[in-house]
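So that you can tell them apart, the chains are marked A, B and C in the order they are listed, and the count of residues begins at 1 in each.
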Amino acid sequence: MDHRTDSTSAASSNGARTTTSSAAPRRGMPGDGRVPLAPHPDRLLPPEPERRAIARRLYEGVRDLPLISPHGHVDPRLLAEDRPFPDPASLLVTPDHYVTRLLHADGVGLPELGLRDQDGAEPAEPREVWRAFCSRWHLFLGTASRQWLEAELHEVLGVAVQPSADTADELFDELTARLRQPEFRPRALYESFGIAVLATTDDPADDLRHHRALAEDPSWSGRVVPTFRPDRYLDATAADWARALDDLAAASGIDTGDYAGLVGALEARREFFRARGATATDHSAPDARMAFLDPAEAAALFDRVRSGGATGDEAVLLSQQLLGEMARMSSEDGMVLALHTGSRRNHHPDTRRRFGPDTGHDIPVRAEFTRALQPMLERFGTHPRFRTVLFTLDETAFSRELAPLAGFYPAVYLGAPWWFLDAPRAMHRFRDAVTETAGFYRSAGFIDDTRGFCSIPARHDTARRVDAAHLAGLVAEHVLAEDDAAQVIRDLNDRQPRTAFRL
Amino acid sequence: MDHRTDSTSAASSNGARTTTSSAAPRRGMPGDGRVPLAPHPDRLLPPEPERRAIARRLYEGVRDLPLISPHGHVDPRLLAEDRPFPDPASLLVTPDHYVTRLLHADGVGLPELGLRDQDGAEPAEPREVWRAFCSRWHLFLGTASRQWLEAELHEVLGVAVQPSADTADELFDELTARLRQPEFRPRALYESFGIAVLATTDDPADDLRHHRALAEDPSWSGRVVPTFRPDRYLDATAADWARALDDLAAASGIDTGDYAGLVGALEARREFFRARGATATDHSAPDARMAFLDPAEAAALFDRVRSGGATGDEAVLLSQQLLGEMARMSSEDGMVLALHTGSRRNHHPDTRRRFGPDTGHDIPVRAEFTRALQPMLERFGTHPRFRTVLFTLDETAFSRELAPLAGFYPAVYLGAPWWFLDAPRAMHRFRDAVTETAGFYRSAGFIDDTRGFCSIPARHDTARRVDAAHLAGLVAEHVLAEDDAAQVIRDLNDRQPRTAFRL
Amino acid sequence: MDHRTDSTSAASSNGARTTTSSAAPRRGMPGDGRVPLAPHPDRLLPPEPERRAIARRLYEGVRDLPLISPHGHVDPRLLAEDRPFPDPASLLVTPDHYVTRLLHADGVGLPELGLRDQDGAEPAEPREVWRAFCSRWHLFLGTASRQWLEAELHEVLGVAVQPSADTADELFDELTARLRQPEFRPRALYESFGIAVLATTDDPADDLRHHRALAEDPSWSGRVVPTFRPDRYLDATAADWARALDDLAAASGIDTGDYAGLVGALEARREFFRARGATATDHSAPDARMAFLDPAEAAALFDRVRSGGATGDEAVLLSQQLLGEMARMSSEDGMVLALHTGSRRNHHPDTRRRFGPDTGHDIPVRAEFTRALQPMLERFGTHPRFRTVLFTLDETAFSRELAPLAGFYPAVYLGAPWWFLDAPRAMHRFRDAVTETAGFYRSAGFIDDTRGFCSIPARHDTARRVDAAHLAGLVAEHVLAEDDAAQVIRDLNDRQPRTAFRL
């Protein structure tokens, strides 16, 4: 049922006068389900003629630059195996918790979106999932996901009509057929996207076989590097931490039964990752605190936690100590420490239990960096080999803490607006909040952070448009000269991410 | 004395050079006190010609839609009795703490504004109050109150000249006479405002006689529904809590001397309110935390607090437990739980003691929702009958917590920017902060929250203009198609508040 | 080495395609180092023609108004002695931690910027410092410092070419010569800047000899007043507090060995400052909490802390008690209490140890005012002689706490956006955040807070441009009439700072 019909009848049943908007033609109504999908060439650029002209020139200067993707969640197997994507629902809906969460909020159960339920409900067929998505396309109006999906559908997948209840089946068939064509297989898309380097996110116990396969494949010329993501091994509060340590011991061949062993195993795996091209480690932690205990104290703490005899606070302290070790190792091996903090993961336990993690209910909390990072920055903030990129889900930290920190410490780079903030207006707010304090040259550039391989060009393109729009505003207000702005936007898309992530 | 004369002489006495602004004509000076009051038809719409044209069309599409008012503080007696308003000061100044607080900040004592002082100072006569207000009209420049007052004065009350020291008496006489005319009595205004439904805010012990009188009056065709606001009974930390329980017992005929009795009495009163048309409960709490103790624990806690033998923390816990009961009851009876948290009430105790509550010194504090609401949402966040609308005075929660919560939980709707945030720029910030994460369809639409009956159309009109302006910006940047925007703004003014509040 | 060359070669070495931006001419490249420096006359004004026209008129109305500087860090000796500035590095780079911190973040050591290192590294020669600065001029793009520096260089110092590696030496020579000319000595500049009153920041033990010298110099007609800044004496947690009390005893001739003595000494020094023209006290504190113990309790607390037998919490409480005494004294002697809170000073201990305080690593933390200030405002918020100006580094407090407080309490004025927030976009956010709640007439106007004497006119000019731009937006949206806006901007630059600071 179309939601707008719903709305009108609800209004009438309550005796309200109804007025028809006659000024603008309406579309997306039943019977008018074929609305063209054609993203505007000037989308996200400022509408005033002078500013738009400047923004166009700035955007043109970077539109076709190679994509540098220092952080994301593309599975390297995708490229190693290069199998076709099966259908649009499995490509665009089911695996993308940005998309499923808004459908879920509208009352659609996750099994109806193709997720497997531990309690036994069968996941819907892809065609049904696609129908559920297309008929609720209006839910995404104004969201970042809508921007990306429109660009993916139109520019990557060649779709010319908006999703709707009326077009769902036709689009499903059209896309399923198209995805079988050779030019829509992952490697062909990688080439066509113009990716210069793609960093994946990998478990330290991973054997990186797909990275090796790509590196050893003479027919493949792309650059795909792993990222060391040791959350499982550092989070001593988690129920499966002991098992994680066993996995790490198996992967490294080092006994992780004491603190020195765990540290040694992590060091060994970092070295293994570096040999496969990794330049960074990536960390999700509740907050940014790190501890720097002396070795004997750390070893005793480890023993207490490992034996199950520790308090919750001690387990938290051990986790902070292990994150501190990562900073110390980075200062030695030069791997960039990317820090993503501030998400309360799995807010709805029943959904977690039935459908697993990353199902749309990780909710941000307030962030604090000034005090949390002080012990680490006291040690490594001016260390010549150490480098960290800081991300936040709490945008109040941008002007208050992150820009001032990055404006002093040579080791600190400002991560791009991330996750819920990875959207045009939030990107503008980020630049507004940090630039006056830290300039442009403490920024690590854009990361796409995506699980949707086909969204990579759309996400980078959005960021480039927003930067062009933002810089055009400064040029029009005579804060920047246009040629300085042209250099800045190039640097934000090339020099800055390469420098910040040592790519 | 005119404040600007003041300023100039102060400047001179300190030896500063004084420069006269010659570019712009000056007004509001002594001797030039008759400045036209004529709100611009395009006010609050974007000034750029293209955007303004779009915004005008969007605004035209909703300008005359019926007003849905799911939350406010209009006294139902006003409509039941339909007596004329006595004079402009009693209508527009004395009862409106938005207005009195800015006059107070300028050094005007509350008795001079018509408030009764427990210490005995006589309240000023309405004409004196009106003069104090008119001569300080410049204090309101740029505030939301000024927007509303200009629209009320001009569009509702037919005033054509700006308030000033020079026009105060003439306006007082003109308005006092006009308010006696039949078309300015409350029911006539209600009709002319185009109100579809008006929710009041009522004490659970209230017998709702005015609602009944309206419902049983064959000459009245409006829809006025009560809202269940049980703060007095849930706040176990308050000095008058025991007396409140007695009042509730009297109203419900149920002994509130134990926990089960209190819960039963609240349930009975909710049922009574529903029978009179109520669809929602409304709650002011210091923060959003709720507790879910087991029944025996809750009963014992109640007994300790009731007997005076509990700690302050226990009283807080009991209050949270009672708010949790409200959520549980909502999941059973379907009343929408509207949550207004984050105000430190009665910041200045002496003003509270002398002049009562709601006298302009409730000051917001930081808000937290992610952790506070987790226990409740774990239980009811996906419950099919449960629905909650979340309001905040801390706008940092919009992007960080509220939009992500509403973007996953079907039970959660985003309340409109409220109280200090109920103003054009804050509304823009709200949309900027939430839309990219939650779209438009998790928004509960506008609430006017007013104590000023005549401000209702002005407040809704302001919200519609701001939404039109905001959407026009997105259309001009090609983020939304104009016909999608036209549908969105209609939905925000009709479907969304009806759905969120079950009206 | 030019950073852009660096960037391009980094890109190439990683195999990325390189694209040359041909649309915009490039400058700042090696071999093209002579780029004109000519700040645009309409800089910071809105680019849309209608808005710009309004903004120009508003700006014209205040551009040449005398400068009122109620808070800053100019050394009064500068004017008393009137010696020439030695060279551009010593004037513009070395003493300005806004400038040195961004260079430090880019990897330049503080000795290379002319700072003296306790560990013995020799500070670089001024010419070398100037070269380091000029060759990194791009780091400041988009920052407030760049705006100020461009205006200082061009409008105060007559420079016509952008700093760059290529122009560094020529600019150094040109500026060094110019600074020796009589019209570039401090008093001549003071006259040419159009300063009406300049408040310095002074230690209570200071004998104010330079203020006296100026006051007694018949050839000097400026107005330079001291400000009472007693941080050293109020911070009972500091290692040098005991020594500070001795200094105060020496300056006041009052024994500070007990609480009454300390209070009496502070009162005596306030009186001394008032006799030299001071109208305000200024306070940097970690947060805004104040305590109001009874005298016996305070005396006992003092004794415990002074004797070294107190806990850390007790020392904090004593500090809060002493700040509370400042509020009490202000209510008696009428000195305005300016409160600057929320900075975590000296974040990097090694830099503090080697180079001293104010070296770029004071980092803001979250601020809270509603609860912190309640005890003080309960006592003095409506007191007729008490006045306070509140500053914050946490902009979330603007709409949430500060505007509501200033919108009720006659004693509370809103301080200008300060330090990291003292920049065009942050100023716009400040006005957006506070005006709808508190109007314009609770604002204390602009403070320049500068350590750079020559930046005073640039900073005030930036603030005037931003206010003009902001008000023009409101006029164009028909929220304000233009003549009201013209009056508001005059008041913000004259009446408001004079009233708030009693100047």
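Following the convention adopted for this analysis, contacts are C-beta pairs under 8 Å (C-beta built on N, C-alpha and C of every residue); 3 or more make two chains touch, one makes a residue touch a chain.
Given the structure is predicted, the values throughout are model-derived calculations rather than measurements.
S.K.: What rotation angle takes the CA atoms of chain B onto those of chain C? Round to the nearest 5 degrees.
M.R.: Roughly 120 degrees of rotation.
S.K.: Any idea if chain A and chain B meet via the same residues, over half in common, or different ones?
M.R.: Chain A and chain B contact each other through largely non-matching residue numbers.
S.K.: In whole angstrom, how far does the Cα centroid of chain A sit from the Cα centroid of chain B?
M.R.: Using C-alpha averages as centres, the distance is 38 Å.
S.K.: Residues of chain B touching 2+ other chains?
M.R.: As it turns out, chain B has residues touching two or more other chains at 48, 396.
S.K.: Using the touch definition up top, name the residues of chain B that touch chain C in the complex.
M.R.: Counting only chain B, the residues touching chain C are 3-4, 6-7, 10-11, 14-17, 19, 21-28, 39-40, 42-48, 101-102, 104-107, 138-144, 146-147, 344, 347-351, 360-366, 393-396, 420-421, 423-426, 429.
S.K.: Note which residues of chain B are touching chain A in the complex, please.
M.R.: 48, 50-51, 57-58, 60-62, 64-66, 68, 194, 196-197, 223, 368, 370-371, 374, 377-378, 381-382, 396, 399-401, 403-410, 412, 432-433, 435-442, 473-474, 476-488, 490-491, 494-495, 498-499, 503
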